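Below, each structure is written out as structure tokens.
Two complexes, one shared chain (chain A), two partners (chain B, chain C).
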Partner chain A sequence: MATPKTRFGKIWSKAGAVLSVAAIGFVLFPIFLADNPWPVEARDYLAAMGQAETGAVNLVSSIYLGYRIFDTLGETIVLLVAVLGTMSILSRVESLVDDSPADDAGKSGADKAGDALKKSGGFSLSREKRHSHTLRTDLLEAVTGKIGPVILIFGFYVMLFGHVSPGGGFQGGVIVASAIVFLTLGNPGAGTLLSNTRVLSTLETAAFLLMLLLSSSGLLFGQGFFGNPMAGAENPEVYIIILNAVVGLKVGASLGFLCITMMGGHK
Partner chain B sequence: MKLELLLILILFLVGFWGIVGKNNIIKKIFGLNMINAAAVILFILEGSRSGADAPILGKEGLHIVDPVPQALMLTAIVIGVCITALALALAVHLYRVSGSFDIDRIRDKVHNEN
Partner chain C sequence: MISLLLILIICAAVYTLSSSNLLHGVIAMSFVSLLSALIFYILQAPDVAITEAAVGAGVSTVIYVWALRYTKRSDDGDS
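And now, the complex of A and B:
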């Protein structure tokens, strides 16, 4: 080792950590001491006008799909970037593991770690590797395989009724993503169609394209960017429902993709 | 100062201790997540003081809470998930390159190679 850690050095670094935690606590303490009343102007305005202006009974939906829709668009882009970054980093890891030479005499720790990763099948999900994973049991597979479709339906319910009940695109999308993980765990080997990362990435890009199309659909009806094309019509909430479904598909596909890639099911 | 605020502060500081005081990078990522959770809980709690009902209209005589912090925290949660995923992918990559999750060993490895 180039910089051998002495015992004194270790104590010194721990002391520095304690000091910095104390400093952060000192800085943040006034924030928690403050006793200002929460401003209610925004709440009162939204309670009076939110439903009429956006069409959503659920005011949280009316904010993130109405007043702050640009925020949601940016957030879906951040999700896309996170998926791309994770993909590129993990696929590099996989190629490194695959290419590591097997007959190297002077192996460093890194090569050994790579070999260990290779021996255990990476973070593999396939059935023949199951015995090397203590967490994967028959019980887990039976339960997750049966409960997965039910959770999938619940996720779509939360997604599609987000405008009138607690829920919405993001929440439903996360539930759909967990259903995808359950289905993948419960169907080892071939897996379901939703365990296929190609299908998921296609879903995600299609949802993003749909969202961009929806964003400009208001322009044809004399509205602004992301304006509601059904603003004057009988059911303005239809636009909110469609947007919720698109956001939910995007989030569900992205997070499911991330989880399956992390579990090594990437093809 | 109320008890729940003190608990949130402790949660934040525990997360911060995980980042600066632990050597394992997986534990550092856990700490990051705890800080994120503390911020989300703080906003939801403070926003909930302005009313008693969920911000869903449709009934008469509702005294709803402020929906703005709830909508903002929705964003924060998703961003937190993105950051966690990216950080975990980087941790796997570091493990492959250096053979360890220990930040000191990774640093030593980098020093030795330069």
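And now, the complex of A and C:
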């Protein structure tokens, strides 16, 4: 919180707080006063037609993978940009950390970087482990290592059954990401295949490519961009399931990648 | 019930902004996410509740705590 030391600054910050609360109230007051009925057209249309048109029992997934799929495409692109930005910031921070203790001039840059990382505990999970960090106990490793696969299965369940039950690609993807973090924490040393950032980034880019291919697959069947190629077929929900799986893989891989990079396991 | 939860959310949010210890602020923020997930569940939006609990209370808290671990605490003048 901003706590300026001078009295004048204090008065100003208080005045700013009061002013912002007043502005929010001014904006929200008409909403409380209004007694317009809620718009029901879209709701009624979805309730009547949503399942027949997309095949998804869970209407939420029929909306975000059917009627509003351009939003979903935009969200996945936002996620990609977020990962890119975090990576660029983190690589800059790592280089700053490496440069700080420049007392031993004889060594090469790589050696110095390694020394600096070892001294500061660095950004590296595996190095932390070797220094017997007090917070990293056997209990943590046993629990996270055992519970990780279970959470992974639950994430895939939420992802793949998003069309019939609450859940879907984004929710399942986040659960998969936390499972990846658990697996990384619970397996000392090299970790699992999923803790390898190279595998994760490959998975993410492959999922994004697959999503673009799926989006244009409707073109071949005369349904337009992001049209459901199985719209007239017996079970159109297959398209929703595939899209859920792809979105979930992408979200899980990118969020797991972010967390592992922040823990310092980036190779 | 819902107004009680909303009042609790406002209290936790004010505490998040005003606490001088950043870790306490992060915990209060994850409490806000947890309570809003509960509200979403009461309002029959389990999808949103799952997302809010997983992202707000889980991943973002973990990321904030990691960021706090790798930054120093200093208190000289403003900020």
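Here, the second predicted complex is superposed on the first by the 203 of 267 C-alpha atoms of A that agree within 3 Å, B and C clash if a C-alpha of one lies under 4 Å from a C-alpha of the other, contacts with A are read in each partner's own complex, and residues count from 1 in each chain.
Note that in this section contacts are C-beta pairs under 8 Å (C-beta built on N, C-alpha and C of every residue); 3 or more make two chains touch, one makes a residue touch a chain.
Note that the structure is predicted; figures quoted are calculated from it, not measured.
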### Query
Is A:F170 contacted by the first partner chain B, the second partner chain C, both or neither?
both
### Message
Quick check on the superposed pair: does A:L33 touch chain B, chain C, both, or neither? Answer first, second, both or neither.
### Response
first
### Query
So, does A:L46 touch the first partner chain B, the second partner chain C, both, or neither?
first
### Task
Mind working out whether A:M263 is in touch with chain B, chain C, both or neither, as first, second, both or neither?
second
#### Entry: Touched partner set for A:V60, first chain B, second chain C, both or neither
both
### Message
Under the stated touch criterion, which partner chain does A:G222 make contact with: chain B (first), chain C (second), both, or neither?
### Response
neither
### Message
Tell me the contact category for A:V158 with respect to chain B and chain C: first, second, both or neither.
### Response
second
### Task
Answer with first, second, both or neither: which of chain B and chain C does A:D71 touch in the superposed model?
first
### Task
Find the residues of chain A that appear in the contact set with chain B and again in the contact set with chain C.
1-3, 5, 58, 60, 166, 168, 170-171, 255, 258, 262
#### Entry: Residues of chain A defined as touching chain C within the complex
1-5, 9, 58, 60, 123, 158, 166-168, 170-171, 174-175, 177-178, 181, 255, 258-259, 262-263
### Task
Would you tell me which residues of chain C are touching chain A in their complex?
17-20, 46-47, 49-51, 54-55, 58-59, 62-63, 66-67, 70, 77-79
### In the complex with chain B, residue positions of chain A that touch it
1-3, 5, 14, 16-18, 20-21, 24-25, 28-29, 32-33, 37-38, 40, 42-43, 46-47, 50-51, 57-60, 62-64, 68, 71-72, 75, 78-79, 81-83, 85-86, 89-90, 92-93, 96-97, 108-114, 117, 164-166, 168, 170-171, 251, 255, 258, 262
### Query
Which residues of chain B touch chain A in the complex?
1, 5-6, 8-9, 12-13, 16-17, 20-21, 46-47, 49-51, 54-58, 62, 64-68, 70-71, 74-75, 77-79, 81-83, 85-86, 88-90, 92-93, 95-100, 104, 107-109, 111-112
